Amino acid sequence: MSAAMKKIALVAENRMIAEDIYSMWLNAPDITETAKPGQFVSLYCNNGSRLLPRPISICEIDKIQGRVRLVYRIAGKGTKEFAGLKEQDQIEAMGPLGNGFTLEGKKAILIGGGIGIPPMLELAKQLDCEKQMVLGYRDITFLEKEFETYGKVFISTEDGSKGVKGNVIDAIKANGLEADIIFACGPTPMLRGVKAYALEHGITAQLSMEERMACGIGACLGCICKSKEVDHHSNVKNKRVCKDGPVFYADEVEL
Amino acid sequence: MSAAMKKIALVAENRMIAEDIYSMWLNAPDITETAKPGQFVSLYCNNGSRLLPRPISICEIDKIQGRVRLVYRIAGKGTKEFAGLKEQDQIEAMGPLGNGFTLEGKKAILIGGGIGIPPMLELAKQLDCEKQMVLGYRDITFLEKEFETYGKVFISTEDGSKGVKGNVIDAIKANGLEADIIFACGPTPMLRGVKAYALEHGITAQLSMEERMACGIGACLGCICKSKEVDHHSNVKNKRVCKDGPVFYADEVEL
Amino acid sequence: MNTNVTIAGVTFNNPVTTASGTFGSGMEYSEYVDLSKLGAVTTKGVSSIPWPGNPTPRVAETYGGMLNAIGLQNPGVEVFIKRDIPFLRQQKAKIIVNVVGKTTEEYCDVVERLADCDVDMLEINISCPNVKEGGIAFGQDPRCVEAITTEIKKRAKQPVIMKLSPNVTDITEMAKAAEAGGADALSLINTLTGMKIDIHRRAFLLANKTGGLSGPAIKPVAVRMVYQVANAVKLPLIGMGGIVGAEDALEFIMAGASMVAVGTTNFINPSATPEVVRGIEEYMKKYNISDIHELIGCVK
Amino acid sequence: MNTNVTIAGVTFNNPVTTASGTFGSGMEYSEYVDLSKLGAVTTKGVSSIPWPGNPTPRVAETYGGMLNAIGLQNPGVEVFIKRDIPFLRQQKAKIIVNVVGKTTEEYCDVVERLADCDVDMLEINISCPNVKEGGIAFGQDPRCVEAITTEIKKRAKQPVIMKLSPNVTDITEMAKAAEAGGADALSLINTLTGMKIDIHRRAFLLANKTGGLSGPAIKPVAVRMVYQVANAVKLPLIGMGGIVGAEDALEFIMAGASMVAVGTTNFINPSATPEVVRGIEEYMKKYNISDIHELIGCVK
């Protein structure tokens, strides 16, 4: 039985890093042992009225200390509950789940939009090539400093308060970035834009997708996305974001 | 608005005093201000799957420090949750609820059966007359030492491991106790026995009853007991344990 | 900002009332809630003569909800008229009286007795699962629903709300039948029939074996039914079933309810009703909604 | 201690199976659960040709439960026979195959295709609320229930379980109709139709608008229906709806179910099923029950 099991993890740190954005380190050696950038963890609430897991991407992996970092935004009651956790509190977690990014390419653009930014951090750490980070925000920025260690950071904000006014594609264009590979995580409209951009420029792109989940392990068929080809598991053109993804090559999926 | 409001109370102490029996002190000056022996507090769970309040009798009142003591047995998931509370934890509580005992008589027997024993402690403290305490247990005893300050304590255990083997009535008979008033709290079969004993000996008896509750404040009509006379609220022969009780004169109610 | 809603000619200050049987006659909550601040108080079901209700235990907790088998204990319409109506009027509350009976005649008796009383609306409970006769039996057959609605409308001087049961295959059939019978409005849902077994005593938890399931657990079923009924009839709807806070209430309003009722939550949070009123206002402020009618049935 | 139960001639090691659609084809959970330790694995609904299911979002959380509108996505019976049956047999699991269709012919197609396959029982899903045609429509009218049962029984070589919908006025009518049609067993309940609205986006949470409500929230309704059906027909029952742990499973058994299925809980706790098996054994030990049959339907 090699699957990711549901276990109790201890909170090593949990603090606000921007308005409504929290950074949490969990002591979870079982998770870090095999974790890869782009994978996620299912977090469970401690209140029986909220049954389903909350999928949160892995932001950093500390194999030595057996700790995994998650950065999340308060989006509802579950993430609000997590924000209230203190050091040494317990939380049920299952992971690492999903496939993660494939480390490849010579010159990469890592694109994160909003709460899609965190998983790019561990990817930036592990990806061994020339890296350009494009981070898109609505207004308030977070984590951008931490990316600077790994390459040049370009920022876009919707309100223009920092970096290029507009979205991540605007930032790429404004800065004339070039690459042979794109990695992206963010809201679907952003991924759609990235896919179009990559296609137009003939660049390979790996996209990390999001969908409502129930099981997180590929059983309920809740989290599918439309795939280009008939999928071997579904035998229809559906892939499971939790199990076959969350990372897909842009040409595998319909957005 | 003078009603008991639902408020957050701080746990001042919570410890096991016998197997599965816990003693909890709550900082709750709003409750202690008007609390009387025989009244109860509704405790709420911190888990949305358990909505209804747990009624727990007031065991001691410390008006000076604004603290109230509750002694409870782990009977299910709610009381199990309470047992896990630590000092300084928060718990939602509403009280004091119900009518409480009427302090009266010259020579009293205070009868507590099982988890009906705790409310007798504050009564013993406040009752200003000659007091004989009869405490009935299945096997393991608790709180009995604390009663000794207020009068003579007689014990019955079902297995005979301590005091008289049998029930509280057996203990009264075995010790030839006499009184002009009886106060009792415990399981219904015990109260039935006490009522019969009181009737037989022409002694006034106040009985504290138990029933499943939803609102705890007299609105849902969930917790009724059969009364001898048509009740002014219900206009039928029903009284509400939470509001008209939990304490009734033995001749008011059918058991 | 307008939160007034008018149902069958009666105007309420806001769209929040209480679910019958969960707020007593209002008196029990008057220390917790300023009753005049609610859209209306809907009172516990009242019958022509006093009813003692079912044996205990009458309530049981379930996961995210509760079961009740009160069995419509009530002091009878005479005491209600003498005691509860004057009290509620003194508190300046709008009054919706929930009416129950075992036969059509009994329902009609109560309606006639209330005809000249100072109450704003009648809500006819044809959906209580906890009494042997009457109650739900009337609410599970469209012909019965129409017939009893017709009879009641003949006698009622106040507008009539028919309260529907969720324990049916197709609630829109019942809604259409009530509409055909002349109902002025509909309220839904009453409780879902449920059961709990005490595995340690190996016995039913409720003396009545079955009871009505209420509370947040049932909300998705209730919202679905309100949506279906809103799209099947023209009548104004009062939506209920599992409302804990304003967000739940807004789901019902967006699904098509002109008014909502808070039920089981009153037992857990006695001051829930004014909180729901306030929460709806805050939502309207946040999203710049000037009139609650912009929200009623806005999700299609 | 005996925990074996025999249903329509098939003997299961213990009374615990999986609710269709919540356990994939068993493969998805084989890393969490030793499948041979379950009474049986009940697989996701399978149709004659592959079905793509509904658009997303397909799932939504509700208070103490969830809504799903998967829409019976499945790879079709051919892939199922080639891939999933051999896998399950290799794991030494008893197999109950859940069958779906849009027309009677489609159900019959699948049943015929499975007739000579190595599976233990068929469960006919006439109660899925999430597809436009077929599914629930068959399960809400006693004449349809009887007719489809009869047709399926003509073709099936394995014993047939008819899976009933809770979205009906009187579930005993449907149970009797299935019995009249020749069903060997009944399973209940499927999901209750529900809806959730996102008040911030002012839109339905599910792309399909409505979905099926499952999870602990619905347990009291499920236990009630199992009890009613157990007292209305002679057929063995598989009970389900909101089972989280052994205590819940025992409620169903005491209400009259010979077997129980764990559904939504698998998503929250992948190793729930063996825990339920163990919990039932512990209960029997504690109360000195030597045979599970002493518990089946023991609460009357």
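The first chain written gets the first letter, and so on, giving A, B, C and D; residue counts start at 1 in each chain.
What we mean here is this: a contact is a pair of C-beta atoms (placed from the backbone, for glycine too) under 8 Å apart; a residue touches a chain by one contact, two chains touch by 3 or more.
None of these values were measured; they are calculated from a predicted model.
Trainee: Could you let me know which interface, B-D or A-D, is made of more C-beta pairs in contact?
Mentor: A-D
Trainee: Between chain C and chain D, what is the separation of their C-alpha centroids in Å?
Mentor: So the centroids are 34 Å from each other.
Trainee: Using CA atom averages as chain centres, what separation in Å is found between chain A and chain D?
Mentor: Measuring from centre to centre gives 35 Å for this pair.
Trainee: With centres defined as the mean C-alpha position, give me the chain A-chain B separation in Å.
Mentor: Taking the mean C-alpha position of each chain, the two centres sit 55 Å apart.
Trainee: What is the distance in Å between the mean C-alpha positions of chain B and chain D?
Mentor: 46
Trainee: If you look at chain D, which of its residues touch at least two other chains?
Mentor: In chain D, the residues touching two or more other chains are 63-65, 216.
Trainee: Going by the touch rule set out above, which residues of chain B reach two or more other chains?
Mentor: 48-50
Trainee: Once you draw an edge for every pair of touching chains, what topology comes out, line, ring, star, complete or other?
Mentor: Graph shape here is complete: every pair of chains touches.
Trainee: Inside the complex, what are the residues of chain B that reach chain A?
Mentor: 46-50
Trainee: Using the touch definition up top, name the residues of chain C that touch chain D in the complex.
Mentor: Listed in rising order, the residues of chain C that touch chain D are 62-65, 67, 140, 167-170, 192-197, 199, 202-204, 209-210, 213, 216-221, 223-224, 227, 242, 244, 247, 250-251, 254-255, 283, 298-299.
Trainee: Please output the residues of chain D touching chain B within their complex, sorted ascending.
Mentor: 63-64, 216
Trainee: Quick check on the complex: what are the chain B residues that touch chain D?
Mentor: Within the complex, chain B contacts chain D at residues 48-49.
Trainee: Under the definition above, what is the set of chain B residues touching chain C in their complex?
Mentor: Against chain C, chain B makes touches at 1-3, 5-6, 44, 48-53, 211-225, 233-238.
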